[in-house]
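Consider the two complexes below, in which subunit A is the common component and subunit B and subunit C are the respective partners.
== the complex of A and B ==
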């Protein structure tokens, strides 16, 4: 024993863990003894297993030696030793070599062993086999599968299941036997007299058989339906509840793939909902919930009442499962589960905090403006009793609530302030409260002044620098536009006197913003005085900021021509898109020395004005509320992905439930900026000036097509450029001189030159390559602000050439043949001229706008309302307000409210789109109001 | 997508009263590569997961929870906690069923109830019970009595070498001596 291992055994943390080397030596010695001592060997193997279970491993050579000495123990007939030997073999076969050597010993046991060790032997057998030897187990597995003993049968089924990845053809040969095993009710043999236990047969082999059978018939839908018909229904032979759950899942899978098949399964589902097994009823509820709008209402109601019953069982897991599912339903159709509210309310104080948190978030969803108030009161009591993870989840739920019930903002504000001021809670918790308050101030204007005042009180004794700085910034941003700005100045200046330098400098910035208040010269003067005083501060950062601010204020007052610039410095009207700025900067830094010669071009980063930023924020919140299902009520600390992403976004510190925009949309943004960069680097487009706007990427073919085409519309002052990104998915053909021929349909009424200016073809497109072809059109109008709407029907023209397999290049003398390929048309819609913008009060803003235009559409295709809404949001390019982009599944009418600004001249446009679903289709009436008549008309006439 | 795989259980753990590992098994299908982000792939992740889990469950008495995007069913005893961990979208009651099989079979085979000492003393039987309960992630059996009846006790005494003294016995004794001699000679070589 080396000194090191000796020390290790003294280590208090290893507890009573045996020494690894000693066990290794003992095993080798004892197992090779003859005769073996079964009791001692079992003890040794136990110690070995204990080591492995604690995460110790052996080097391959030692493990192999162990494996071999253990296989020596097969000569001893003792079952109790044999059983533990099999466990050890299973553990070791992952880290040893030449494990095939044990095959024959194990096979002997499978054939001749006692009923007790046979299952163990079967399960060990398939672990020592590999792809080339798996077939040899076929007969043994088949024989065991038809065994009368349920344990042996199960072992064989499970082992076959494990073998699937390496020996599917072998396993397929006992599909018939497996099918029989599903219906076969095998009984355990009656226990012998000296047995202490009285096993009842669980028939779990049915579950294993079904699982295996599904894998074998996976690709055959008809076979699956037959399977369901045979084994589900009234005379179902399935006794095991796991097997029945599996059956429900089969149906689930089928109807997800083919919703038209739902009606035929409805009686089955209704039957399962009444099952005496909770697991089966729960699975049926899950199935019903996920189909939601596709099943009849009475079935859904039946599922809800099953869940309602679950809510009051004494079994924690059942309650948990039910409330979790209800919480999920509440995200999409809260109105359907309102009946559960009484039961839910009694669960608010459940001893399982997971349950109570789910309950509260569910109640917050199903709540109406009548009971929200009392609900918040309950939560106020509850929140003191749970840990921070749960608190944050609840605050997040309240935050979305405040957007949905602006009229309740007083109660919510009161609650938030109380949580903020209470002594308990970590930085993360406080931060999420501040986060919620900021939301409230931004999106619920009527709460603004009160919330700001409360925050002022709070910063008087706040111990967290980060939060203080945020609040100071917020006060600076919102304070100057309130009725009584001087109030805030006092609070902010107090910080300058009392706090450390970080906060002092934040306070200076915040103060300087009040100097821009127009109608109060006195205030401006006192700000100047205050700043002058601060110039003597002990910290140089604080002093610097004060002097600069004074300088700016001076130039603003003197009304020189730089006053605008100075004003912009004090109170920026627009900010950079922080995420884009960060990614551009890190890209710039990664390019190395060469790139540093040219300075970083900040103009390439998108800038957002106040309204746009709010629009973006709101959009993000809405997305978040929508994706809130699982992760949010996750007990907090989980969801590593969210934390990571949110952290990168840098706009929230807590981020337990914030997922950021979905990964897909982020990737798409990246791709888009890549394409735009490609385009703008071409010299042909240099003379066009700056690109005003680039549309989203529009897929113009199926993604499985031979040539995958995606289109992007770029708008310039005097030109419209269409970029077609073409990917060649054929393996053996190259395309030469690829160009896109665009035919206008004439919607632009002469505003756009019918003949394209030029086409930039792709010289050669090799397999699996993607490149862009550009088509440019000249605008004929002199007025830059005219909106041009046009539909382009496109086709691809190219010479296809076969490839020489040896060089992967076209044959030299191949002239190729001319070919054409048509794909979807590209629509330059009014939505391409719109960007989302935020208005706080849709109804009044709508009334204020002077010009209006109304148009009516009728959609005959059987779309759901939600599909139509999604389409409209994209085609109109506005920001959906008041959560109007979400419609409940069974609603027959809906009003979508969109708000946007024209990118050309920033004219406002609001859209209120009413739709009614009838049996004949969906009728749409769009009301567009705008500052400009032509914009309103263009928008309303070209929505679809 | 519905999860139709039989691989439902991700891990079974037994931790002691201070969150240290007594038994752990992280399951993965035997003939597939272990994916890099699964807990089965690294000891460090497992330890992190366990300490996180213990912090969340110790003294909470809530039986079921979600942690790290996994569904956790557990029971805390005086100085030991037992856990069964499944994927987040698993049927909770199915997992509970498996957990009951686990818990009740332990209660059957450990005479003095579930505590740290009896788990350590009868470690072999605990290992066997879990092996009979779950086979690399597939729930093998849920009936506690069936599981308990399949778990063998350690061999009661050292079984002596049994040589019968009749003609056959003599022959076998001779055969035994011969093989023993050959073995010794081989080892000497």
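== the complex of A and C ==
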């Protein structure tokens, strides 16, 4: 067999695909014949369709010729020929012109054709219709919608769905017929009484009807609720399981938008969980899981038990779906699925590797200190058998595990080192292992020295530059504070002797950090010796780095380095916020030559110290865990959007891509830095000095309001500036002289001038424009470290002027109409003075802090614990630790643990806030401990 | 005698042979009404034809393949896609639509110039004769300049599709001509 023929037979199509030109010619000749030979034509069209389905296509002119020749086959009444003619018309519609020529003939079939061809005719019809011709097909489609024949009904439902973006007004009139089709249980006609097999239907038309109905009512929440009440529940007429799944998704969508509506749906969800259709029960489980803390525990338990049952079904897809969902739950509330562990353990060796991988990672999260060891043993055996993607999933799971079970760090470290050293695995995989190790070292201090030593061994024989460089950096960062720094120096220096220049230069940086180790002059001296030797290196970069490091070390040693500049170069105490740095740099670069005359101002980019960075990392980790579960809930509900125009054909079902919270928060950060830039570029604020801190953006109105207002609090040494960003959403009104009037409530007790210094109004706000108004207050205290807390109630004052439609500007002589608009108050809270900060052991750190302040609050409003927690996290501004920012739905008490630092002077503060829910409300006892007495008091007294 | 000829004619053409006939004319002239009058013998309510209708009917032992093409301005350009192998053209004129006689005439002559239609017979229906003020067949003939036609068998028949008058007479003439020409 020659190489060529061998290749051909490998691809089943390349050899057997008919010749395009021959088919084209044959079609033109045969279809124009009279009389038509139906059998032959059918075969020809089949070949044509085969070509098209393999991606072959025809130029417009040829496609149009084909279309016309095929249209001639309408002269033959043969049903099976007609069916394939319709398939061909559907395919050609996209690439051919003048498709409307088939309209009348198709409509005739829809009206008078046999039941066999009607569905095909309907599906072809909507391809040739446009907005105007759709109108003339309205009656026909309506009649088909109420057809007793399930296939005809389905075809017209699906077709109307696709017609919606093309002819919205027409399809909108189908609501009644569609509604009827949802409840109608259509039977295939003509059961053959002599036969045992008689046609049954899946009632799929119910699903199609629901899909269409949803599109028709998409924008009306009340209508959707009515639809659910009508078609779900006890007397539900829905037999089709996909329709039932769809119902669950609708509910899902509603409750995500409005969590207050959850209670009314609970009985329904409970009912769905017991459905005899696995798909329905699974969907209900998904819904329950995504609501997590918002549903009662017993319902959640019921869902878990359904999933537990599915773990042992013989159907792979069901097992997979169940274990995947359990895996998602395990990321947020592992304790809730511990009951499934026996079933999960039996799936560890499932022949489907996807299932076993999810199983393992789930088990890792639900693991207890008792079984972690044995689990890791199982994984060690198993990890060789899965591909890299799954390996990375496993490593990620292990990484979270290390944070939850610090006692197990030895086992975990051993496992990670083995994975790192094993011969298999891509760079990406190894990198994820290194990341896990870095986490371990950062967040589990007791593992640090051992892990570093292991890494030293590893770099003696590591093939990846990238990884080596990362590890060298890590050794330089962590090594100097270990018991025996010189151990690392030896290993690092080995790299200088043995490796390429990239690694050598990384090693130089790393080495130089050891010169800062206190009380070990011998070590410092040998570092200097080593660096001096390196100055003769063959590579420029390596030599330069060594020379400059020696200079720095010298100035540190000779105490010339008064302001620690050199020291900071060797071992920076803080790093820039990389995201902000990037966006500011690219903005700077985009400004062009003129702007380059002034150098880039790096001081405007936030810097994070070591533990702030850890806090950020941990926060991001927490958000990621949520992100995963949210994802499952958002990918649901059929919500393509019905108003979108122009897309000619189909394929618009359901692609609602998900934007995770982390993405949102990143955008939010960028927006904030934009607003801050706006503020700091204003002349009036130049004399205020550097802005110490800007708060997050606080929404002060609903986003649907006429005027959308957002507030930001800026703190300066001697001033407090409130920025109000106002967007005018009215279509035909301009606002002139817009200013915000702020009224203090008096919490600041003489620390802040009651009267504002000045207000910067907005001259004119045209429709859809957004701009900022500023209100500035002067501090009355001389002490920069005083924490000022105040609540500002606000209203907007402006002249509203109608727009002249011809100029889109206000009429020249319009005096305007003085108006006022109130919006939410803005609270300058103690949280605005706090930044998140990480401590690895909350309990001991709390013990250690000297000053303490306790206050007690009582909330009478009927808030849930979770709502109170969410508020506290914002008003106190610290980093929630030990997942204490989440509370289970029916818990009656909880302790929130927060850790932060004051932005004014970096004093530490930890908050342990106990809350108890009683019939009278929620009682709160806040314990705040700090390095500074006043900070502890300020925090504890102003939490709410 | 006639019987003898017609049966011989059948044999000559073969039982399979179908005759292709096009019905053309401006929109609203009554083409679709005529087609279904011929096929089911009744007047149906019509909508403007977007595209075409095609029906096979048996007429005097002949299988006729009749194509009724839409007459709107936007659809007329596509008539030519259906000219091939056409035995005869039936051109329908609304005899009351005096304003558009010249347009009808222009379309007719334009069509008859087509190579593919050189051998086709032409039957013109001066339709809607039941309406008051309808032009007579000879008046329509004058408006359409039918006298100019050379080398073509043609005829004009006054008709009312609604009342069913003139239709079979016209078709009978057409069939006879076709038979003669095919002989």
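Note that in this section the second predicted complex is superposed on the first by the 707 of 944 C-alpha atoms of A that agree within 3 Å, B and C clash if a C-alpha of one lies under 4 Å from a C-alpha of the other, contacts with A are read in each partner's own complex, and residues count from 1 in each chain.
By definition in this document, a residue touches a chain if its C-beta (ideal position, glycine included) is under 8 Å from a C-beta of that chain, and two chains touch if they have at least 3 such contacts.
These numbers were taken from a predicted model, which means no experiment stands behind them.
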Message = If we overlay the two complexes on their shared chain A, which of subunit B and subunit C does A:136 touch? Say first, second, both or neither.
response = second
Task = Based on the superposed arrangement, let me know which partner A:100 touches: subunit B (first), subunit C (second), both, or neither?
result = second
Task = For A:123, select first, second, both or neither according to whether it touches subunit B, subunit C, the two together, or no partner.
result = first
Ask   = Of the two partner chains, subunit B (first) and subunit C (second), which one does A:34 touch, if any: first, second, both, or neither?
value = both
Request  = Go through the superposed model and pick first if A:444 touches only subunit B, second if only subunit C, both, or neither.
outcome  = neither
Key: First (subunit B), second (subunit C), both or neither touched by A:828   = neither
Query = Which of the two, subunit B or subunit C, is in touch with more residues of subunit A?
reply = B
Query = Of the two partner chains, subunit B (first) and subunit C (second), which one does A:873 touch, if any: first, second, both, or neither?
reply = neither
Task = Classify the contacts of A:79 with the two partner chains as first (subunit B alone), second (subunit C alone), both, or neither.
result = first
Request  = Using the superposition on A, tell me which residues of subunit A are in contact with subunit B and, in the other complex, with subunit C.
outcome  = 34-35
Subunit B residues within the subunit A interface of the complex = 1-6, 16, 20-21, 23-25, 29-32, 43, 46-47, 52, 56, 60-69, 73, 88, 91-97, 108, 120, 123-124, 127-128, 131, 135-136, 138-143, 145-146, 148-159, 161, 180, 183
Query = Tell me, which parts of subunit A touch subunit C in their complex?
reply = 32, 34-35, 68, 71-72, 74-75, 77, 98, 100-105, 107-108, 133, 136
Request  = Can you check the complex and tell me which residues of subunit C touch subunit A?
outcome  = 16-18, 20, 47-54, 56, 63, 65, 67, 70, 75, 78, 81-82, 84-85
Request  = Note which residues of subunit A are touching subunit B in the complex, please.
outcome  = 13, 15-16, 34-35, 37-40, 42-43, 45-46, 49-50, 53-55, 78-81, 83-84, 87, 90, 116, 119-120, 123, 126-127, 151, 154-155, 158, 161-166, 188, 191, 195-202, 204, 207-208, 211-212, 214, 241-242, 245-246, 249-250, 252-253, 256, 278-279, 282-283, 286, 315-318, 320-321, 324, 351-355, 630-631, 633-635, 637-640
